[in-house]
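In the two complexes below, subunit A is the common chain; its partner is subunit B in one and subunit C in the other.
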Partner chain A sequence: MIKTLWKLRSTKIAAAMLLFIALITIVGPFVAPYDPLATSSQALAAPSASHWLGTDYLGRDVLSRILAGAPLSVGSTVLVAVIALLVGAIPGILSVYLRAGFEWVSLRVVDTFIALPFLVFAVAMTALLGNGIIQAMIAVGLLVSPLFYRVARSATLSVANSQYVEAAVLAGASTGYIVRKHVWSKVLPPIAISLATTLGLGLIVISSLQFLGIGVQPPTPTWGGILASDLGYLQQQPYAPIYPTALILITVLAFNLLADAIRDAAGESGRILIGSKGAQANRARRLAAVSSDYPEKEAA
Partner chain B sequence: MTASTVAPPTPKTAPSSSPSTSDREPAQRPRGIFWHRVQRVLRSVWKPISIFIPVFILATFFTFLLGAVSGRSPAALQLGDSATPDAVAALNHQFGLDQPFFVRYFDWLGTLLSGNFGNSWVSGVPVAKLLGDRAVVSLSVAGLALLIGLVFGFILGAVAAHFQTRWPDRVITTGTTVISVLPPFVVGIALIAVFAIWLRWLPAVGFVPITKGFWPWASHLILPAVALSFDTVSDVARQLRTGLVSVYRENYVIGATVRGIGPRRVFWVHVLRNGVGPALSVLGLKFPALLGGAVLIESIFGLAGYGVFAAQSAVSGDVPSVQAVLVISVVLVVVFNLLVNVVLNRLIPSAARGV
Partner chain C sequence: MPDVPLSWTAPTLEVASLNVHFGRGRARKQIIDDVGFEIRPGESVGLIGETGSGKSTIARSILGLVDPSAGSSVLVAGKQVVGLSANARRSFRRSGVAQYVFQDPHKSLDQDFTVEQSIAEPLLIRGDIKRADVAEAVRRQVDDVQLDAALLGRFPAELSGGQRQRVAIARALITKPRLLILDEPVSALDSANRVKILELLGRLRSSEVAMLFISHDLGSVAGITDRTLVLYRGRVVEVNKTSQIVNAPEHPYTRLLVGSAPTLSGGSIDRERREQLRAELHPS
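So, the complex of A and B:
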């Protein structure tokens, strides 16, 4: 499955973009040329040799601010996705096995979460509970979790009721073997797809909150916050919002590409395929099947 | 032209559906088609209501719980840190905060149903009064965005389905995919940079009531509404395309063409009516996002709407104001979804059996 995935061109593009973002997030704050909070007399300067991306309205170096803001923007997005995965997927799988009461209650709760106007609740929860980045991550993670609940539940349902699992049990297969061979391969791809989607969505929501000044205190640099301060000086620097925007879009696009690639590799694309992407995925899958057939047969 | 897209099939519902339904239930024939239709609408409303009542109760419960968990109180807001315990207790008693949690919840729910949202903890003014003017701003932006989303989403989706797999389809499919990943604040900033600062066609910020003339009002609303509608346009267009393309492959469409019915009539009567389902239901799902996106859009375009109000009240800890906004948005979502359900059941009666 991972081999198939790696053969797709879009996976490689997405991986390259994500590597770039990861590099910025991990190394960025240490290589920033200036202190992101240090102001200087050159306010709203154009890009130059000393300030590669120019300076903002207080004369702070934009490049340093973007690099320093990366951990808060990207790092918290990753944590949002992890929280959503834990809060959503575990009850989703359990809802299939712990029938009746738990199932009904959890389904109603999930219905409610989906009906809530997302951003309004995220803003209200974060601000009321103390207006910190931790609160923001918990609020957004909780509100995104229904996606994982639904995906995990439907995948588990389809495996639990499938005849091939029944057949494997009758044939005397051990639980470990069934989980490894049948359940895992069926449940993991949809969860991986939603994880990739959530990472993209999470960055947008976290940046939106930061844009509104929720979940972060003013002088702290974040990508959303940089955008918000650029907005006031569009008249002088109409190009300034491009840098944080480009980074946010690259990240979101990479995660969406990855989600699509996983979908293609797992053979789950329900859409009507135009062009060669589907055919490419099919060929890669066939090749992977051929190459992995031989060692398996020898092992058996 | 496409604003009426949903409407045209409806008049044709009567002749085509009445014989088939009265065949199934002959007992209803004497009471007439009018009563039958009323019943059908009632039935299509009742089923979602039975789903939405638990949603509404849970959502209000979460909203109230949020206020209780936050640990904010009017005493801290109005009296400050140096307040005496007696004064705090008196104020808590005045706002009814000395009652147990569930007593307060049901009291609050009761006053909500009578349209009273309580008094603001910051200013003591009734919340309904604070929200009145802002609701006009928010609803005009969200309503206009919904309209733009519907009209352009339907045009793009129908065009893409009509030219499926040819270049207009590819352009629209690629374009909507790109648009759907653009965050609203990026779209908003880009629109301001281009139309307000570069071209100077439209004002960047502010709101003018419609009483001061139509154009000043509309010119302030166009950019925010367009920015807000991008997501809806792309989702409606994609769902409509998928729905229409799959219906075009049905045998009854080929049958209609074979019977010599023109392509235009096949599209409006046979294809659109059956293919519009996914697009309409995605519109119902999209509505919460539209209300939520309003928070961002209002802040970018400097509009004093309820989203900005909610954010400000939440930061300052004015719990009743936040709760009022949350409850109003939940009610709007529920009502809008009910409406979508009714329309959907009128267009595609078979959907009513599957809810």
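So, the complex of A and C:
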């Protein structure tokens, strides 16, 4: 899978961007030059040799705050995507095969989640369960989960009604066998694409909440929170919001590029995503057949 | 054909009072209306009718993919298959007694399965045969359907239409079924492959397999079936020897069907005659 993905230029660009973001997230807090919470008398200082990105309105080092804020911003985004994946995709696949009661109830729950506005629901959740990052992540994860539910359900439905699945049913296959052998490989590509897209979307939503002060309390540094405080001092430092915005932009762009690359690499069949050597050969041969009008041979 | 006269052997398939309806209340629509027939071991029976007449619904009812109405009876190898529980139905299917060949092999084969995986699937689902024995059975079956063994590692997209249909037939035959239902098995093929597949199916007639050959094309059915049922709007309107159906059809619909079969000079009956037959079918 990695070899096929790696051949695409969009993968290489996305990987370079994500490597940069991952480095910031993992190593950043340890290499930050200053304590991100330490104030100084040098408020709103311009970039210099001692403060590469300048200081904020309390004299805190902007670079240190951005590096320290990365784990919370990126980590919570990843967790949101994982929550949405588990809450959405598994019921999405099961809704096709379990009894009509489960299908009806799960569809209504998903419809309800779709109808709820993100920010209002997140604010309500934090008001109900307390203002914390976990509460915010659960709220956003639940609200993003319908995307996975719909994608997984629609992909499963199209496979479940196919003739090769019917042939397996007629051979006495169990639901577990059908999901394992026929459905999973076809459902995986759209789910992988949705996951990559959700990682980008999740960062925007989490940053929006942090911007509003929901989930994480100041002075804890987050990219959304840094952006919010920088906007109050635009006249003095008009360039200041560029740093957190650029990082959010790069991350979202990288995940979207990755989603495109997965879609291109997976093609019509997703078995390649689960590392089947045969499927990779199949895809390579199919591509070769298309490009050279592969002659059909009739045996016998 | 078996040595024992067909009428002396117990039928492999006995369908009696088969009714199928879709919808309820005012929306209820009768699809199959009191259909009954039987097929004996080694016998090949054609089921013809126009699109929408209910041919595939009958096949799907026999296989339990469609639930027949109450009072319907379908005996396959002496076992009543109407009203089976889910577990009993799965167990019956795993026995491989009845098999089905779909119309379009491109759709009925998983594009991610190799030829070998597709043919082996019914045995692997059954789960009571060693992998080595499954591989051996697949090789024997590939020989039987005259498919090159070198194709076993190929994927459906790399095969021609005829090869794909051979794979589908091999998959159906690998469980040594007693009943084989073929739903328009040659209608998606070009004429050269059509002839080859019909020849292959013709060879099966020398075995004990009972075959139900569904088609809207009388020409395909004529060469390889002993008897033919003509289905019109969910009812069997004529049953006879296939040669009789082709040469001296009795029911107006059968005459219309036979007369509408395309020839190089168009239909074998003219437009005026077709209108007369339609008027006989729908006197108003």
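As a working rule, the second predicted complex is superposed on the first by the 245 of 300 C-alpha atoms of A that agree within 3 Å, B and C clash if a C-alpha of one lies under 4 Å from a C-alpha of the other, contacts with A are read in each partner's own complex, and residues count from 1 in each chain.
Following the convention adopted for this analysis, a residue touches a chain if its C-beta (ideal position, glycine included) is under 8 Å from a C-beta of that chain, and two chains touch if they have at least 3 such contacts.
Computed from a predicted model, the values in this text were never measured in an experiment.
In the superposition on chain A, contact of A:248 is made with subunit B only, not with subunit C.
With both complexes placed on chain A, subunit A has more residues touched by B than by the other of subunit B and subunit C. Applying the stated contact rule after C-alpha superposition, one finds that A:100 touches neither subunit B nor subunit C. When the two structures are aligned on the shared chain, A:115 is found in touch with subunit B, with no touch to subunit C. Where the contact sets of subunit A with subunit B and with subunit C meet, they give residues 271. Across the complex, subunit C meets subunit A through its residues 63, 65, 90-96, 99-100, 102, 104, 107-114, 121-122, 125-126, 146-148, 150-151, 155, 157-160, 162-163, 166, 171, 175, 193, 196.
Remark: subunit B residues 51-52, 54-55, 58-59, 62, 66-67, 69-70, 72, 165, 169-170, 173, 181-186, 189, 192-193, 197-198, 204, 242, 245, 285, 288-289, 291-293, 295-296, 299-300, 307, 310-311, 314-315, 317, 319, 322, 325-326, 329-330, 333-334, 337 touch subunit A in the complex.
Residues of subunit A touching subunit B in their complex: 108-109, 111-112, 114-131, 200, 204, 207-208, 211-212, 214, 224, 227, 230-231, 234-235, 238, 241, 245, 248-249, 252-253, 256, 271-272, 274.
Of all residues in subunit A, only 162-164, 166-174, 177, 182, 185, 268-269, 271, 276, 278-279, 282, 285-286, 289, 294, 296-300 touch subunit C in the complex they form.
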